[in-house]
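Chains: A, B, C and D, in written order; residue numbering restarts at 1 for each.
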Amino acid sequence: MTTHYLVLSALLFAIGGVGVLVRRNAIVVFMCVELMLNACNLAFVTFARQNGNLDGQVIAFFVMIVAAAEVVIGLAIIVTIFRTRRSASVDDVSLLKY
Amino acid sequence: MNGTIEAPTIEYALLAPLLVVFGAAIVGVLVEAFAPRYLRSAIHLPLTLLSLAGAFALAVWQAVKGVPTEPAAMGAIAVDGPALFIWGTILILAFASVLLIKDEEHFVGAAAAVPGSAEEEQALVERAAHTEVYPLLLFAVGGMLLFPAANDLLVAFVALEVMSLPLYLLCGLARRRRLLSQEAAVKYFLLGAFSSAFFLYGTALLYGYAGSVDLVKINQALGSVGGQDTLLYIGAAMLGVGLLFKIGAAPFQSWKPDVYQGSPTPITALMASGTLVAAFGALLRVFWVGLGGLDWDWRPVLYGVAILTMVVGAILAITQTDIKRMLAYSSIAHGGFLLIGVIATGHTQAENTSALTGLLFYLVAYGFTTVGAFAVVTMVRDAGGEAWHLSRWAGLGKRSPLLAGVFAFFLLAFAGIPLTSGFFGKYAVFQAAVANGATPLVIIGVVASAVAAFFYVRVIVLMFFSDPAADGPSVVLPSRGTAAVVGFAALATVVLGVFPQPVLDLAHTAAQSLFVR
Amino acid sequence: MEPAEIIQHSGGAIGAAWLMIALPLVGAAVLLLGGRRTDKFGHLLGVLMAVASFVVAALSFVQLLGFAPGERRRGIELYEFIPGLAKMGLLVDPLSISFCLLITFVGSLIHVYSIGYMAHDPNRRRFFAYLNLFVAAMLLLVLADNYVALFVGWEGVGLASYLLIGFWQHKPSAATAAKKAFIVNRVGDFGLLIGIFTIFATFHTLAFDGVLANADKASSGTLTAIGLLLLVGACGKSAQLPLQSWLLDAMEGPTPVSALIHAATMVTAGVYLIVRSGPIFQGAETAQIVVTIVGVATLLAGAIIGTAKDDIKKALAGSTMSQIGYMVLAAGIGKAGYAFAIAHLITHGFFKADMFLGAGSVMHAMNDEVNMRKYGALRKVMPVTFVTFLIGYLAIIGFPLLSGYFTKDGIIETVMEHNAVLGWLAVLGAGITGFYMSRLVFMTFFGAKRWEPTAHPHESPAVMTWPLIILSIGAIGLGAFLVLGNRFMTFLAPAVGAPEEMPAFHPFSPTGLATLALVAAGAVFAWLKYGRAEVPALAPRGSFLTTFARRDLYGDALNEALFMRPGQWLTRLAVFFDNRGVDGLVNGLAAGIGGTSGRLRRVQTGFVRSYALSIFLGAALLAGAWLVVGNL
Amino acid sequence: MPWLSTLMGVSVLGALGVTLVRNDKLAKQFTLVVSLIVLALTVAMAVQFSPNGDKFQFAETYDWIPAFGVHYGVAVDGIALVLILLSVILVPIVVLASWHDAEAGKRSVRTYFSLLLVLEAMMIGVFAATDVFLFYVFFEAMLIPMYFMIGSYGGAQRSYAAVKFLLYSLFGGLLMLVAVIALYSIAGKGTFMFTDLVGTIQDVTTQKWLFLGFFIAFAIKAPLWPFHTWLPDAAAQAPAGAAVLLVGVLDKVGTYGMLRFCLELFPDAAKFFTPLVITLSVIGIVYGAIVAIGQTDMKRLIAYTSVSHFGFIAMGVFAMTTTAGAGATLYMVNHGFSTGALFLIAGFLIYRRGSQYIADYGGVQKVAPILAGTFLVAGLSSLSLPGLSTFVSEFMVLTGTFQRYVVPSVIATVGVILAAIYILWMYQRTMNGPTAESVKSLPDLNAREKWVVAPLVALLLVFGFYPKPLLDVIHPAVQDTLSSVSVTDPQPAVPVAQEGQ
């Protein structure tokens, strides 16, 4: 029955991935990445249960912390560029190309 | 298991270099918090340099004292020959980058201030500076040290993030061309996070497959566990995505040119040298140790990736007009060449050792030359800061022959002309590959490097054979640090090109026992 | 009877035979390197060297006579030239010594003559340097004891001839003529070279004694091949068909050059080669036949060309071709013909040189006018020239008891015995000779004055007339001396062999009479047309035959159509192909890569999301690939 | 005494010294002195060479990179010796000839001459290397100084020419690198020493692949048709002096490599590919000559004549008869002198008039007889006139080839005719005829230039009549090479017992 959880996590991961591809707003894109991380967490926890050891659950905590740190950095950067350009659309930042 | 958790044992001595760097970083943060502004950089610089030097010394002491054959910290971190060698390399490169950072020129006064705004003006006036740069850099270096030494995927993931997050910030702190710098930061951040998500998911799947994230255990599981191969393959692939992203292998190379171009040059130097070395260390460990039993499966895949990377790197570089962007593509191409070494695993330990030796040597050679090249880039400036556009480099050979000569020498090393370090790097890797039957790959490799030679040569032509532009860029008198870096890099490139034996021996002893299992 | 063995020799004049070559070589070197400093005495040095070399030749000749006939082939080792291929050595035997005497003697006379002829030329020193160079090379050619050394001399004389034809190189015509001569000769040398390769491949030696003594051991096929290849070389050097075209243009050179190189000596080298390689030809029936055919064809062609030329030198050049045709014809017959061929070669050397120098003295007098239609009635103003020229004329047409009579008649007789058709053609040739030579003499010395108003003809200075006189003496007596009692044939026998029974000389043989009759007819016809009748100042259009002759039997036209134009076309094509084709391919490849790069870098759009997409797809690709590989 | 190392050392130190000299004139004189010292030393070495002694003499071998089995191994056999002699003789001449070349572009004179000396050291090294890897290193590293000499001091199209030259050769070199590596790992000897590697590759298929790897590199270097198109550009753009070293020496590395490595390391493959190589050579001989006839630029013309000549050399090498092989080796030397003379004198002419185009000249002979005369001699040597050394070598090559391959050598002999056409026609267009206005005031050769030309002409003449000294050195080496390829000369149909033949 754990497979359902795995499927769900895969689904979430996919949604997150697609979200990154389709959404323009940097914040949303970033949220999608977070979603992917959480999908991973779900997978970890599930596997922890499946394998009957705690590592997976421990790892989940690690991931959350890392994700939190990522948020800090991420928002800092996104906010800066928003202040500069008055827009959070990732499609506007395309000076560097070719 | 009965729920009780016994306290872990940690070999602090083995991890000393890591701890020194991280410790220094935290001290740095405290300095930011409590030291008065005017003192900060005065404290930071010696602190950073000393910590790096100290870490290096410790690493050397470690190596002299005898390389441990057991993973440390409950099997989380493996301080083995290759790891120590890579540590040494990264620390030297980081040291060099710090020397480049030293002259504040490169970094923005107030990152929060909107470009062209009053605040920025004011920041300039009161000569404000973001001294956080140093602790950030130390954190990044710490991550770089941890990444290749991580013996389980979780540590690897954490190390990856610890290495990346500070870099994301540092990318955005360029003093000039701030829009580009910030853009680089955003791109690097989003894509980095994206790719690390893949890495994590891969970890999860492998955990699901092997029931552990410990590389050794995973490797053992490869044989035993059956029926879940799909899990394994997809997991391994996802893991690969994360790692290949960091080396900038095609098709995951797209971030490299933009980020290298946008970032402050010293940071570019650090990323192009340190990050690459670290990433390759990790890649090697994951694929040789974690998926060692799987090599018949991943070798063909990496085969394709290597070819694609070399070709894309070489071909796209030809038409670049921005020096940093061109170097970025060149580093992509070199990533491809290095991948050849990763693939050149054989059946006997000796064969693997020679492959690993070649790879390590290549990393050293390439790292030093790269730092040197970017150091030169920082010195060629005009009104708007560094003169990035190649057309501005025309006739540099006449205005300042020495600098142009050195740079030309670096370029020749990149192109792999004999009597430069680059040649022996390529040679060592190619030889290992041929010895292990990857000759076709090598042939593609040499063709690619012939193509690559074109754009290195093109720059030389610009610098020496074409006449200088009237308002050509001026070469700033280098600060002592920068001069030292350039000199050191040039020296390394010569010495490794003429007498590679000592370093080869060193790499060989490091690779002797391969990675601990 | 077969040629005698070669005996290694040292000491005496023969031992010092190399001086014959060295002396003029030194002269040339001194004059060329000495530069202006040697201007004052340059010509004297040149003459001195030529004469000195004649002295050596004469002494060697005397010493050679001292030996018994069977021991008159003396080989002199000098040094190892090309290890494994050839030594540098000389072969002094009746054949080579006869050439040496001819070359050095006539050569010296022409040197003397040139002092006067070139007196007013600023580059006289260089002229003498080249003359000396020529003499040296020619002597090496005839003295060499192997084919490589022979080839060295062979091309050496070619070089000298190139330099001397183009001596007035500021004249484009001269420069072109010189180049043409050299290139056509190279075509001949092409054949000679391959001949030499074949010889080496067959015998693994290039020394005469090695090759010729063993020629009979080789298959006749090989010998035929070698023979024909050598013949090609001979044709080039001796202006035989089909490589004759250069000789007429070569008249651009100063007249002494025409006399020495293009009449007396160099052009006869082909004959020497054929005679020297006798054993090879004797083993190759076909080759011999081809030789005789070439000879006949050329002797007629030359004669015909001679009939139509108004340029006195070109007329003489035609006659030279024709006379050499006789020699080649004789040489093609084999042992029976060799002696006569060489004898005629020697006498021809004298009387043709005599006439060329005469023509030179006439031109000298008529400020370098060569068109005979502008001459006439010169016999009164320049008696010496006239008389000597007349002697040469009588000699060449074979007037009884003069040189040509004996030698040429000898050839005709021999050919007649060998093959009637060839014989009668030779006779016909003699008749034509009678006509065109008479025409030449009448137009030049008889009839009315047709001079340019500016012309004030006068007799040439003694330094020029004395050589004429000496040469004409040779033209009178030499033939009788050589032929009567087969003196020359017996002398040559050790070198080239001789027929089993010596030919008896009978003065009034039917052939001889027929020849005389034809010659007389020709002369009379010429008298009617050019002696008595008024010669038009402008050449009349003339019949098709005349134009045919005037245009050198369309030889040049043929070469142009066959080689020059296609050649130029081919060159242009090749250059185009090289730039567009070969190089284009390379540059195209480079451009292709550049273009690819230019298009490919567009993929790097700068949009984060497209990068993310590439990563996403990359991940999918990687996973897919892995699954595929893993499940194989 | 470590002769070869000394030679290289002296030139390298000289190169460093030149960069330190401040004044240009002094730098030139210094360079000249250094190159003359090297020449003297080389001659001193050459006289101690015993032709019938060991194959390799003056050998020095030290470990360089044990990890790769790479040695610093230098020594000479007859072939290498004469080529080194060629190089060290040409260098001082080139120095003297390029006295003013470097100044044309307002670029550093000292750099030019120090590059020249660096190049000299590398030229010695590449011929002396007895370690395949060391050979490769020199083979590639040589490109760089030449690249800078062409690129910085060349004509209008210099950078295009320089890049083309570098990339073309580099590409070949990289292919060779693969072959070198493969040779090492397949031989499995753990060493790169040439003598140890000979005969280690037995499998014919492997031999073929490795042969191709080496051969293509050498064919590009030599250059053989159809890899030749870089040469005309490079030679036409390079300053005369550099062009001499490029065509006279650097390209010889290609043909030398064929003789030394392609034949000895891969005998079976060499035999297998002989028809192909001979075909390419013959095409090159005729094609190069025809294209040369069509050139309007003097230096390009000379370059194309070299394409033709390299055809002869390659043909001689692969004919695999003693005569042809020795001839080819001698050809390498003579061609250096003769083309050297042609390029330099053409250079003098171009320096005076400032145009490479034949059409801009005419009647020079009248105003500058010595220049014209020497030019003619050089030209005649290029069309291999007997009496000049080039004839000996060409004759040997053709004779030797004819023993085995009749048709090719006959076609090749056509080149002899074509040579007469391209040389004499160029001479006529530049030197003969009415003097062109633009050259009316052309000065004749000055003392320095005479000193440049004199030795070359002397060498051409001396070896033209007395090639024995060179051939005595070359013959044993070539025979040794052929015996290791295990071929024997074809026997004559009519064997004639000849002493000393």
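We take it that a contact is a pair of C-beta atoms (placed from the backbone, for glycine too) under 8 Å apart; a residue touches a chain by one contact, two chains touch by 3 or more.
Every value quoted in this text rests on a predicted model; they were computed, and no experiment measured them.
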item	value
Remotest chain, chain A as reference, centres from CA atoms	C
Chain pair showing more contacts of the two, B-C and A-C	B-C
Distance between the centres, which are taken as Cα means, of chain C and chain B, whole angstrom	79
Euclidean distance of C-alpha centroids - chain A vs chain C, Å	97
Interchain centroid distance [CA atoms averaged], chain A/chain D, Å	66
Inter-centroid spacing, chain D versus chain B (mean Cα positions, whole Å)	45
Interface hub residues of chain D, defined as touching at least two other chains	167
Shared interface positions of chain B, touching two or more other chains	186-187, 190, 194, 257-258, 454
Per-residue overlap in chain A, given as positions that touch at least 2 other chains	17, 20, 29, 90, 93-97
Each pair of chains that touches, named by its two labels	A-B, A-C, B-C, B-D, C-D
Residues on chain B engaged by chain A in the complex (per definition of touch)	1, 111-112, 114-115, 154, 157-158, 161, 165, 168-169, 172, 178-180, 182-187, 189-190, 193-194, 197, 200-201, 203-205, 207-208, 211-213, 257-258, 261-262
Contacting residues of chain B [partner chain C, same complex]	186-187, 190-191, 194-195, 198, 229-230, 232-234, 236-238, 240-241, 244-245, 250-252, 254-255, 257-258, 297-298, 300-301, 304-305, 312, 315-320, 451, 454
Interface residues, chain D side, partner chain C - complex	164, 167-168, 226, 228-230, 287, 290-291, 293-295, 322-323, 326, 363, 365-366, 370, 373, 380, 385-387, 391-392, 395-396, 398-399, 402-403, 406, 409-410, 413-414, 416-417, 420-421, 424-425, 428, 431-435, 465-468, 471-472, 475, 490-496, 498, 500-501
Contact footprint of chain B on chain A as seen in their complex	6, 9, 13, 16-17, 20, 26, 29-30, 33, 36-37, 39-40, 43-44, 46-47, 50-51, 53, 55-56, 59, 62-63, 66, 69-70, 73-74, 76-78, 80-81, 83-85, 90, 93-97
Residue ranges of chain C touching chain B (in the complex, touch as defined)	590, 593-594, 596-598, 600-601, 604, 606, 608, 610-612, 614-615, 617-619, 621-623, 625-627, 629-631
